[in-house]
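First chain A sits with chain B, and in the next complex the same chain sits with chain C.
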Partner chain A sequence: MKKITLHIFLIIAGLLTLAPFIWMVSASLMNDGHASVYPPRFFPDEVTFIQFERLFSRLSVSRNLLNSLIVSFLVTFISLIFNSMAGYAFAKYRFAGRDKLFSLLLSSMIIPAQVTMLPLFLMLKSFGFINTYLAIIIPGMANIFGIFLIKQYAMSIPDSIIESARMDGASDFQIYWKIILPLCTPILVTLAIFTFMGTWNDFLWPLIALTDSSMYTLPVALANLMGEHTKDPELMMAGSVITIIPIIIVFLALQKYYIKGIMMGSVKE
Partner chain B sequence: MATVELKNVSKIYSENVKAVDSISLKIEDKEFLVLVGPSGCGKSTTLRMIAGLESISTGEMFIDEKLVNDIQPKDRDIALVFQNYALYPHMTVFDNIAFGLKLRKIDKNEIQKRVKNVSDILELSDLLNRKPKALSGGQRQRVALGRAIVRNPKVFLFDEPLSNLDAKLRVQMRTEISKLHQRLGVTMIYVTHDQTEAMTMGDRIVVMKDGTIQQVDTPLNLYRKPVNTFVAGFIGTPSMNFIEGKILKNNGLEFNSLDESFIFMLPEKYIEKLENWSNRNIKLGIRPESFSYESKNDNSVKIKIKISVFEPMGNESFLYFNLGGKEIVSRVPGIIEQKVGNEIDLFINSDNLYYFDELTGNTIYVK
Partner chain C sequence: MQNKTISAYFFLAPALMAIFVFFFIPVIAAFIISFTDFDIYSLSNYGNARFVGFDNYLRLFYDPLFWTALQNTFYFVIVSAPLSIMVSLTAAIMLNSKLVKFKSLFRLNFFIPVITTLIAVAIVWRFIYHPKFGFLNYALELVGIESIDWLGDPNFSMPAIIIMSVWKNFGYNMIIFIAGLQNIPEYLYEAAEIEGATGFQKFKFITIPMLAPTTLFVGIITMIGYFQLFAEPYIMTQGGPLNSTLSIVQYMYQEGFRWWNMGYSAAIAFVLFAVIMIGTVIQMKIQKMRMFN
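For the complex of A and B:
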């Protein structure tokens, strides 16, 4: 009896959580004005893709989608490389000032991102990078959270494996590329998801750093849309769907690594 | 030729911690040399310095008569088998063995040939496609061996490779490694804390303590002629019994235990050597094997003892009792069944006794 109650409760909670998303997708498939009808309709009377057509043809959302994709992939890829190199170095190499440097980096995480945005903006402006992809990529090339995650994970790799590779004749880079990276796959995937999602959903920084609407990433473009088309909820819902769907796909595809990465922590072998 | 020579090699960590204190050692070509000693004696550090994984603080290291202090591990032409195997978890057995060869850009067909050859020797042919996590401990150790063999190194180094295996497997692998040594005819340096492994496998054994070499010799010489109480107590199992006492002049030489409960006359042939030690504190060493139920010769000393612990091993038994104020262990034939509390006569073969200087621990006289 208890089990059935629990299941019913969970199903209801699940439906309540999903409801806004279902409504969002529904509304995006409705014709103009059908979303604000009274009594409210949960599912469209007739499915139409006209909202999406409008977004892509008239409002060049395709350009914004491309911006988001390029920037998110590049930042994820570049930051994975730099973070993993730094994390491995902090975990397995001994050098003067290592621990102090790491503590310093960790303590800088206290500083809120908003505080750094003005100096960062001025610096990038002096380089001429404002309103280019570089404005998003450069600040994202490495981050302390990523270095920390990888360092903690890499510490659990037994030293003897690295020594064995050294004796086998591997150079430092070869050890990094052929041994460390493959062994860090779970945490790298976890970090990739974090970074991709973070970059994709980032709103404030792209809003500041990008000035042309053609350079906007999707979150900024969506906000713009909302400002101009408050009377078109179906259009805005379509914009939201485009913004969210890629992230959901990435997450669902990689979630088994994500869970494993969180759980594995520093327990290995 | 693959000799290894250490000249006054030390490993000093900060704050004057000397893990290895100025050791000098020459390992001959094709020799199987064992470094043995308790935890923390410096044997692993020494091995790692030979491998190049630890830098040498002072002294010189020669491999094949070439100075190698500053040469990278990969250029020293040596291979190391680790205690925890150190296999690459994300690679198959084949890739694990082939890793070093691939790095050296050896031809693919040549790699195939060499890996197949090694896996035949070690009976790994059926396991080549498995990953380490699907292997048993013994199989993993063989893969680690294979990885070392396939590189055709001048010197093999082993860092307690059998410590993680269960007792039976350890005995099996011991003979396999010995056979491998005979087959390959390569210099091997082997580190262990287990004196049984050392005795059964080594051509020569280096007994280490606190970063220094206590004695280097063949197994039997170490057993028969230890230079101090440490070596005497380390080699041989169960270990040698020590009783503190004095040698007194009393119509010849007489040993008195400190508590004077154990007294016997030394055989005449010892008088010349031990005369000068009379009235000084000495330690008497009696191996468990020197006790017996019957008198072996005229020099046998008869003692009356009360058994405190009885351990039957089948073909032999260990009897524990008090003698001269110390708990003594003896090894006797297993045919007689004893009980705790039994009071019996035992004989000590005084031809087989050891005498040590109490102050320095050095051996005064041994047969």
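For the complex of A and C:
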């Protein structure tokens, strides 16, 4: 009896959690005005792709989709390399001030990113990087949480593996590239998803750093579109669907790694 | 362990330089800017900015709009954070129950809002909250509650944002709580059962204390995240109605990037930083006090 009640409750809670998404998809397939009726319609009378057509043909959302893909992939790729190098050094090298440096980095995680945004804007503006992909990529090249994740993982790699590679004449970089990176694959995948999703979903910084609608990432483009199309839920839902679908695909394919990453991040040393 | 300092620095250099130049220097620069009158005229020529001492901070003290933003943000954090942590814990305990089948499916279901783009779901919720055509009012009317102008009524705008963010975020902490629950040794519960403890007693005397470190972590990261409230009001209310959802970050954004009052905006950013730091220290202190009692 208890078991059945529990399941019924979970199913209802699950459906309530999903309901906004179901309506989002269904409204995106409606004709103009069909989502603004009373009583509200949960499903379209007839399915149409006119909203998506409009987004791609008239509102050039494909350009924003491309921007989002480019910056997300580049940030992920570069930060993966930078973070893994640093994480490996913190885990496996002994050098003066290592522990102090690492705890300085960890404690600075409490500084909210918003604090850096004004000077960062001025700095990137003076380089001429505002309104370019570089404005998004440069501040994302390395991050402390990523270094932390890799360090935690790399510490579990036995020193003997590194030592024997060195005996065989491998250089430091070869050891990192050919031994450490492959052994770190699971955590690299985890970090890659975190970074990709974080960059894809980011809003405040792209809103500041990208000033031209042809450079906007999807969330900024969507927010901008919302200003002009407050009364077009069908169109806006189609835009939301386009923004969310890539992220859902990445997540569903790699969710195991993502969940593990959250759990790892919450385990204290 | 290897003792090759030069290689170590080679591996550290790219990340540390990036973090130093694009994170630490901006933090210091922001601190300096917060003591200047950096504005739109300084934007073309930095020489136009002058040191004004604590003027920006003093102005903030007498700025009613800033107090409104601070108050709104506290309202949001103080209601939203405990609420979403409670929902997370409830969901985690249910999903951790041995009775539940298809655990990973439910977990996935509850987790979907977490990964999706905030802007996109804020737009969806804006229509859900629509006073005439929205589903929420429709559902309320079905149970006999009069329709509410969620985003247009200053009394309901913040609750609307709170409901949405609990929905959006509870899955994240749920995962952390599940991990914490799985770390509680089974024999504690078995021993309590032999002693005749009720379900509630087990929860109060085993689950809660054993989860304390997890709860502290969850409390801190949730609070830090929630103090940075921005996108939800930006999309759903633009800070209105009557500034009832204006947040600190939104005020900082407006002052800094709409009016280019960068000195003033930097001061707001540092108040946010101070608030977050104080909040974190308080939570850690409370936790310590509990441990010694």
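Everything below uses one rule, namely that the second predicted complex is superposed on the first by the 258 of 269 C-alpha atoms of A that agree within 3 Å, B and C clash if a C-alpha of one lies under 4 Å from a C-alpha of the other, contacts with A are read in each partner's own complex, and residues count from 1 in each chain.
The rule is simple: contacts are C-beta pairs under 8 Å (C-beta built on N, C-alpha and C of every residue); 3 or more make two chains touch, one makes a residue touch a chain.
Computed from a predicted model, the values in this text were never measured in an experiment.
Contacts of A:M155 after superposition on the shared chain: neither chain B nor chain C is touched.
When the two structures are aligned on the shared chain, A:H7 is found in touch with chain C, with no touch to chain B.
Counting residues of chain A touched by each partner, chain B versus chain C, the larger count belongs to C.
When the two structures are aligned on the shared chain, A:P182 is found in touch with chain B, with no touch to chain C. Looking at the shared chain after the overlay, A:N83 reaches chain C, while chain B stays out of its contact range.
Touch criterion met: A:S108 reaches chain C, while chain B stays clear of it.
Residue contacts after overlaying the shared chain place A:G169 against chain B, while chain C stays out of touching range. Once chain A of one complex is fitted onto chain A of the other, the partner contacts of A:I137 are absent, as it touches neither chain B nor chain C. Across the superposed pair, chain B and chain C both touch chain A at residues 166. Interface residues of chain C facing chain A in the complex, by the touch rule stated above, are 1-5, 7-12, 14-16, 18-19, 22-27, 29-30, 33, 43, 46, 91, 94-95, 97, 99-101, 106-113, 115-121, 123-128, 130, 132-135, 138, 167, 172, 175-176, 179-180, 213-214, 217-218, 224, 227-228, 230-231, 234-235, 249, 252-253, 256-257, 262, 265-266, 269-270, 272-273, 276-277, 280.
For chain A in complex with chain C, the residues that touch the partner chain are 2-3, 6-7, 9-10, 13-14, 17-21, 23-24, 27, 35-40, 42, 81-83, 85-86, 88-90, 92-96, 98, 105, 108, 110-123, 138-139, 141-144, 147, 159, 162, 166, 172-173, 176, 197, 200-201, 203-204, 208, 218-220, 222-223, 226, 233, 236-237, 239-240, 243-244, 247-248, 251, 255, 258-259, 262-263, 266-268. Against chain B, in their complex, chain A makes its touches with residues 158, 160-161, 163-170, 174, 179, 182-183, 269. Contacts from chain B toward chain A in the complex involve residues 51-53, 73-74, 78-80, 82-84, 86-90, 99-100, 103-104, 147, 151.
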